[in-house]
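In what follows, subunit A forms one complex with subunit B and a second complex with subunit C.
Right after this comes the complex of A and B.
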């Protein structure tokens, strides 16, 4: 990771008796796109607002670069925020909205005009200068809000669920645009969302928050495929959880007994012993499904299709195996019809991830 | 079913409508008609000619005082409500709402005591040697005294209405302005004021018409000499001269002054 640009050190924020943010420590790399991801009420927006200077932390320190900014007012932190509802001033034109911050800064009018026009051009908003915000589409409003933030040339850009008011299709195109803009400017960006797909698609790093704490921080791949607890695995995408007990341990492979069946998986460098309990996670797209019995596969399960859903780019199956149900995603369903009846599931050992392990002697915690 | 529903709601509105017709429209029409009648019942414009000859100055005086008082109320009210909206201060908010519960007559008396030549204000100013109490200036018994008293009395209503309008502006607009470095005054003038413009206009109309119709405060604080506010003229015309025709004409003129503002109010309300 490159040098941290924004550092949160043990920050805590309480509202009455409620702890909104609980002892959060986080390093945001310079020039990165970092997302605070979590369900409603997890503390992500409060964290962002503390970085922006709208809330003061009750404990801990916030650094932007080398500067501790706890007591620095919002406009002296050199951050710019894009709000969920955009907060474009309805009585001002697009031009006036974008120029507002520069005017307050006291820049000469020609300089303001030049900067505003350049920013509007950069965001493909030319020709909309004189329009009122209510005359713009949702996507245009979102870009004007971004222009109003970018024109200030902030050190750090803060985005509070800016896509949540857009329809699904527009959201995808705007998030691509937004990522391209961020990459081209190499601007340190902190983004808040509850949408895990958005977070995975846009971010260099994701901090998953739960009950005021950061429970996982890593790249999108690490967060998705290497969750460290049940909450993260469950919140970020669909997952199959499997509980078992280790029956065989070797440097190459671990074998767990899962409801009377053997499941082989990679050790991932863990120091485990036979008899240890394990919680495993397997993503639906990591499981193969077929009507014919596969040969040579390390893990094969035999079950019955209970439900299937055609989702266009994939088919999602719920397969009953003994007393449990497995979710399986089959990509590219364009060449066959939906499967039904008895099926075989295959799982590669390398695609099984150990979320938690419990030592049989109870002398070790989970990982 | 729809017709039945309409009939029900019409029946529901009848008592209210009836009171408005009987207690407002009928007397208003009666007065308006009376303003075009002589004492013998002949149709005439003499009452208006009398009003134009004797009371033009008073009408202008009334409009001037109402406008000046409104300007004071809006100036203080907007800045105060901006401060209360941005920073919040329950105590200050409560203090400014106290006049709401003080009757007009009490305000008139209190302001007379406060602004009189040997009243509290002059006594305090004399303490620091700014005036000589042997020859004190007097805000009471002047147009300025009436304006200040009306402004004080209407301040609570202004705070109630303006603060309500400012509070309906979502916090994120203020945060956006704050993020760019706008202080409380710029947040008020750049964001709160324009975003509450229609509510503020409605509040101004309500206060302006209330000031035009004020009676007890001008009666108690006014000097009794020179120009008077029109409601006092109406009172004297009826009580001492029994001249209902001229009093009605003065009433119609006052109504016309207020109606411009009232039309704006009704249009704004119905648009909402």
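Right after this comes the complex of A and C.
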């Protein structure tokens, strides 16, 4: 899964004065499930539509396999797209919808019918052939849209927020289903969503986009635990940001002064020097919380529980330590009524992530 | 039981309003109906002294049927030609960044911006220059001056109401632009096309000013026939013609109402 299948090289797209996509470079591995994740208006759809050929990039190249496709019209690109609103043809039956592309391709009728039936069966849509799209539930419509794309056996599958019109529960089950389908077909898939949980759950790789740029590209784990960017850390889940100044640097451990307390953490192979300012991120579930003072922990903070919320599978605490507030997720829900008042927080050095460092010798604000 | 004076007042207003509406709609119609069967009717009598179907027989046996046929023929030609022009233009205006879009729209609207009579009079001069005066093609052309406007606006709105993603999905599945238009946009626009044809058809059937200016004396459609009849002070004939002229209109409007979706109407003015 290393060979790139779809390659975007320095792609830029403007609409009037808005730069919708700003110099994006991205390699999508063959057979991978790659997600474009970002807030509304960050350019996800525009990027996807350029791959499908609905927009021409103002600058840059798009490759599918070895072929540069900038000049290839969209109906010859062999990219199948599933639209957010599904865009099923309302004047055709389910069967005709799924058969549309194959018929256009000029496949003989029996072959079309056979492929359509196989695909409908694959997606558990048997018996709905003669229904009209408006006679289907949202989930069924979504599957018909997927069937219409999959039956083409496309080189690349493009999905633009295909789950956003489903209710929360269905969304979770369909996303599992879709991941299984994608894995079984080993079909290179580019998926657009603004839902970080969906992105983490489904993807092999995530490209986090912000204001038209890809600000982080990596595996779900990397994007979540090594965001390397304040925006990414904040967008992908809940996070504690800590600003400090390095007081001790060694190959094994870094020590930062954070508001008068020292925080020990792993160097992550970064070239840092004492005196450098650092921005650290720590996920709420990486912090331990207890009533009794822990022994032998590298980092211990003492604070006061300000608010706690019972979220079912976990309890979320807001703990005031000096002037700052820490968010802590405790995976054992039975602690809900037990933990209050004075508590101790413990942070493992390996679970602290350096987002940005600022060299004290330079005046410019580094990242 | 207490009577609420406010509610009473409102009910009175409602009833009065209803009566007014009924009078406005059916007043003239009833007068037409009465006139059509009046064989003798002199002042100061409120109703005809002699009632009968004499004039109906005369009208139905006269040239009127020919006028009706001619009118239908012209209206059909106008409708077909108008569709032929406005379906592609409407599609282009709805879907593409057509150069000078507003100029094109204005061009279509321009004849409507001026009083009809001078526009038609000028057109008449022009058509006579090309030997189209008093011919059926001449009348068809003058009708199209008006019909194109309606049809372009309606067709543009109709095509705009079809989601672009629908066509993009077709293109994405390998369909060319033309194929997409023929298999997706056109079938989905059928209700709108039907509605617009009906409007154009009725417009042509009822068009009077232009028909009189261009068509006289050889091309006599029903409205012109009616005009001629009432010029001869035969109010009975004029009333019967008017009643007959209403029939296709009502029939087609019932059909139209079934086809014209509210969403098309709501699209108007968003072009």
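Quick note on the criterion: the second predicted complex is superposed on the first by the 357 of 367 C-alpha atoms of A that agree within 3 Å, B and C clash if a C-alpha of one lies under 4 Å from a C-alpha of the other, contacts with A are read in each partner's own complex, and residues count from 1 in each chain.
Basically, a contact is a pair of C-beta atoms (placed from the backbone, for glycine too) under 8 Å apart; a residue touches a chain by one contact, two chains touch by 3 or more.
If you're wondering where the values come from, they're calculated on a predicted model, not measured in any experiment.
*Asks:* Given the superposition on subunit A, are subunit B and subunit C in a clash or a fit?
*Replies:* Subunit B and subunit C clash in the superposed model.
*Asks:* By the touch definition at the top of the document, which applies to A:143: first (subunit B), second (subunit C), both, or neither?
*Replies:* A:143 contacts neither subunit B nor subunit C.
*Asks:* Who does A:91 touch here: subunit B (first), subunit C (second), both, or neither?
*Replies:* both
*Asks:* In the superposed arrangement, which partner chain does A:83 touch: subunit B (first), subunit C (second), both, or neither?
*Replies:* both
*Asks:* Once chain A of both complexes is superposed, is A:54 in touch with subunit B (first), subunit C (second), both, or neither?
*Replies:* A:54: touches subunit B and subunit C.
*Asks:* After the superposition on A, what does A:216 contact: first (subunit B), second (subunit C), both or neither?
*Replies:* Touch status of A:216: no partner.
*Asks:* Need the overlap of the two footprints on subunit A, from subunit B and from subunit C, as residue ranges.
*Replies:* 52, 54, 74-76, 79-81, 83, 85, 87, 89-91, 100-101, 104-105, 148, 152
*Asks:* Could you pull out which subunit C residues touch subunit A in their complex?
*Replies:* Counting only subunit C, the residues touching subunit A are 163, 165-166, 168-176, 179, 183-184, 187-188.
*Asks:* Given the complex with subunit A, which residues does subunit B contribute to the contact?
*Replies:* 170, 172-173, 175-182, 186, 190-191, 194-195, 197
*Asks:* Which positions of subunit A touch subunit C when the two form their complex?
*Replies:* Touch list, subunit A to subunit C: 52, 54, 74-76, 79-81, 83, 85, 87-91, 100-101, 104-105, 148, 152.
*Asks:* Going by the contact rule set out above, which residues of subunit A touch subunit B in the complex?
*Replies:* So the residues of subunit A in touch with subunit B come to 52-54, 74-76, 79-81, 83-85, 87, 89-91, 100-101, 104-105, 148, 152.
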